[in-house]
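Next come the structures, one after another.
Look for chain A in each of the two complexes below; its partner is chain B in the first and chain C in the second.
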Partner chain A sequence: MHERLSYYVKRDSALHRLNPLTKIILALSIVLVSIVSPWYWTAHILLLLVIVPLSFAGRVSREYFTSAIRLILPAAGFIFLMQAFFQPIGNTVIFKYLFLDVTQESLSFAFRISTRIAVMISAFTLFLLTTHPSELMSDLTRRGLPPQFAYVIISTLQILPQMQAKAQTIIAAQRSRGLDTESTFFKRAGSVVPLVGPLVFGSLVEVEERAIAIEARGFTSKSIKTSLHEIPDSLSDKIIRWVLILLVLLSIALKIWLS
Partner chain B sequence: MAFINLQNVTYKYPLTKTPVLQNINLQVNEGEFIAVVGPNGAGKSTLCYTLAGFVPHFFKGEISGSVEVAGRESSKSTLDEWVRNVGLAFQNPFNQISGAKYTVFEEIAFGLENNGVPREEIKPRVEEALSLTDISDLADRSPYSLSGGQQQRVALTSILVMRPKLLVLDEPTSQMDPIGTREVFGVVRKMAEGGMTVVMVEHKMEWIAQFADRVIALQDGKILLEGKPNELLTSDLLSENGFGISRYTSTAREAKKQGLWKSEKLPVTLDEAAEGFKP
Partner chain C sequence: MKIEIRDLRFTYPTGLEALQGVSLVVEPGEQVAIVGQNGAGKTTLVRHFNGLLQAAAGSVLIGEWDPKKYSVAKLASRVGYVFQNPDEQLFSKDVGTEVKFGPRNLGYAKEKIDELVQRALSLTELSDKTETNPYDLSPTWRKMVALASVIAMDTPIVIFDEPTTGQDALNVARIAHVIAELRREGKTVITITHDIDFCAENFERVIAMSKGRILLDGPAREILGQEHILAQTYVDPPQLTRLGKKLGLKETVRNQVEFLEIYKNHRNK
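On to the complex of A and B.
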């Protein structure tokens, strides 16, 4: 069934060995710098000279390029078209469609924004590809994130595919008793209604049982939690984090100074 | 003094009129293996929740009487203190998977992490528990990819690894095949011999007869009968009150009416039946 429940790809690489917090800060700083930097080509350079090499360093380049084609390109492409057509700036009209003007300025603006979007998605895709979710949560819990909060995030990630599977089972059961799910749009839309009851109420009952189950295993215990896996946090992790934070502050300062 | 001591326990869930448990009195010694039987709605699961502290701490409602385990009073403890001594595994294995872990190994370590067991100790304890229930080969699988019976074993293991003094099991073998069921009864018996007290709700009479020390028959929230498995499980009162009984018992009872069963005592297990039917 669902053996693969997260984006995480198990490999041994420098990126995998970094502390999860370092990787979050890395992703966030790439995003922040690409947004605040006053220089036009920052996002493009980050994408080509930082993110792509990082995907090789993390030995996840194949997975990264797959998601780039399937997710990042369509998202950035959509933003590009929207901005190019609807951004009411500039006078140098290059292209006209009905009442919409595509100007040189709107094109260049669209190119910048869509690359920023690509940088954002890429940075977090790389983060997800190289970070095991339970390591991330154990590390954040160790640093003071409430365990309840960590639990909600992790269990949601895991339970969603389960709920999907359950919805499929309910649909199959109802189809076997004659529910129409294949004819006209309206009939199919109507057939969603009998699905909602069992799925929603069933899930509510499950929540109670799951609460009992984790409570029985000491989830609200007052003792300080330990963790099965040792999470790496070396001196170089700390140095990288401070350098990144410094870089972000620097680019914010530069932005303020120039404006 | 008894390890479990229930005195006049009556309990009503919130928003209901009739109590689910009525005047329950029960004493269990340390290391005893108690099986609880009863028809649907008899209050078996509620009894489990009461022993495990979830009644009244989780479900609220009205409780009277006293619940004592290992010399401590349930109403005077908090739930997180209580679950350190009492482990609970229940029927639906799917909902007992924490959802916070990606492998069976991590899933079983979850309880130990929560209770702050040092890292060096977690690994050997999980490995020991995995081999106890014979699921070492599942250690790296995702708990969600397992079959119902395998998930039930994981649920049982993740409680056993915490080494509770009292183990409460609510139909822990409902999705298992006969071999799995036998193995679980064997493990539970072994834990009881090691000093763990066990209360187990179960319908499989043949296995209860072979492994449990004492049986409690629950009906409408009251204890109807209490006694040694072989005496109690063949009692006429059970079949008259709609309890499930072993097929060997009912066959022999029918045979007795036609003069084919000679012995005074009715069988519960296959071996006893085979012995009794010998010419």
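On to the complex of A and C.
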């Protein structure tokens, strides 16, 4: 009941105040530019000079660096090793291990690809850290996204922590009736049965109740709905979006022109 | 079995200090009601009795056992705990199997298990429903199944967390009957409740909690008269108690019998 429903960190910052659509476009443009730009160092520079400053602008630098260590570094590191060892390019062998050659070319390729991966994950991490999922969904619904689609996304985000909390309560209730969940593996495996029944049944009941509750508020009504919660979309949001789109088009054009 | 709590403190991982130094002793065979506003820490307190939560500071003793040194499954042989929502514990395909689950976990002999299950089922008036699937029963009967499944464990201490919430008058009477029967067998019963009439009619001792502390603890007659302190934790004394006060009766009354008797004396004077 006190679990975090998403990555979102509630704070007030310039990044938090941006319209959700602007933030999606920002994340997507960073990713696209890092991929299509023909220049080798683009991704590295984006990471150091755009992503990191943005995390400070959004006042989520601490959370960003935590997830960088936990998630981004291992993912990028894995890609780096795979590419360095298995990319069959280049002749300047730096060292050999069994039948695998690590060449200067494969190293530089691996460095570029893994940084792109880091940029990709970082951009969306920043987006998730500074955007409340329901705000995103209301904004997108207002712009024409089918509400059913928004509902599926939101409830998926929420169902995991809710099921987790429910499972905790059920396990506590069964342990209180003497169910041994701690000692041997077999006892633990056996203790799954008294958990799954109430969990699945309870979740099904909840789904039904939720369906009735939203239907009672006119979820499938075709008429135009107003929203209690206005999500600001300022002129600067619009300008930022157009500038970003132009930047992306520009880097695509550069790529085509140079190749 | 005696329960001894000394200066118990507990803080949830969220940083919320749910218990801020609670001390109490419950003698074997006592019947205690715990009242208080939502979030006062009642559930948090009783979850320390069977080891679901562990004290951050202070001490808990169940008999001579320190719950920290025993698993919840072990403590289940001393403390039976009926959760508020039966749907979070019922999983068997029929009532009989469900009620058997607890005593079987405790490793009693087969004959004893059968006897305990029969007794629990008849006490909760479920004897004619042993073959039914719990989910085919109404919510009130499911509540009785949850009660039976804990009573069948034959623990010296039984805890009910809000047993009467959402129950009809008939079922409240059934639950009161179960508690009276447990008292007759000499068991300790601790009940969390928001139903102040239920509390006044069935319990000799009342504990009022507020914001992680015990506000009042004593005989029901004394506690239920302290309107102003109870108001701090959003508890209203029972209607008859308040009526008695309004009529200027000298003693605090808790139920119809007491009210009629005292009121008669009052008028005859």
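By our rule, the second predicted complex is superposed on the first by the 210 of 259 C-alpha atoms of A that agree within 3 Å, B and C clash if a C-alpha of one lies under 4 Å from a C-alpha of the other, contacts with A are read in each partner's own complex, and residues count from 1 in each chain.
Criterion: a residue touches a chain if its C-beta (ideal position, glycine included) is under 8 Å from a C-beta of that chain, and two chains touch if they have at least 3 such contacts.
Since the model is a prediction, treat every value here as computed from it, not as a measurement.
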{"item": "First (chain B), second (chain C), both or neither touched by A:Val193", "value": "second"}
{"item": "First (chain B), second (chain C), both or neither touched by A:Gln174", "value": "second"}
{"item": "First (chain B), second (chain C), both or neither touched by A:Gly202", "value": "second"}
{"item": "Which of chain B and chain C A:Glu182 touches, first, second, both or neither", "value": "second"}
{"item": "First, second, both or neither for A:Gly58, with chain B first and chain C second", "value": "neither"}
{"item": "Winner by number of chain A residues touched, once chain B and chain C are compared", "value": "B"}
{"item": "Partner chain(s) touched by A:Pro20 [first = chain B, second = chain C, both, neither]", "value": "neither"}
{"item": "Doubly contacted chain A residues - partners chain C and chain B", "value": "2"}
{"item": "Of chain A, residues touching chain C in the complex", "value": "2, 166, 169-170, 172-183, 193-198, 201-202, 205"}
{"item": "Touching residues (chain side chain A, partner chain B) in the complex", "value": "1-3, 5-6, 132-134, 137, 150-151, 154-155, 158-159, 161-162, 206, 209-228, 230"}
{"item": "Residue ranges of chain B in contact with chain A within the complex", "value": "49, 52, 54, 58, 79-80, 83-84, 87-90, 92, 94-102, 105-106, 109-119, 122-123, 126, 141-142, 144-145, 155, 158-159, 162"}
{"item": "Interface residues, chain C side, partner chain A - complex", "value": "12, 14, 47, 50, 52, 71-73, 76-77, 79-81, 83, 85, 87-92, 101-102, 105-106, 135, 149-150, 153"}
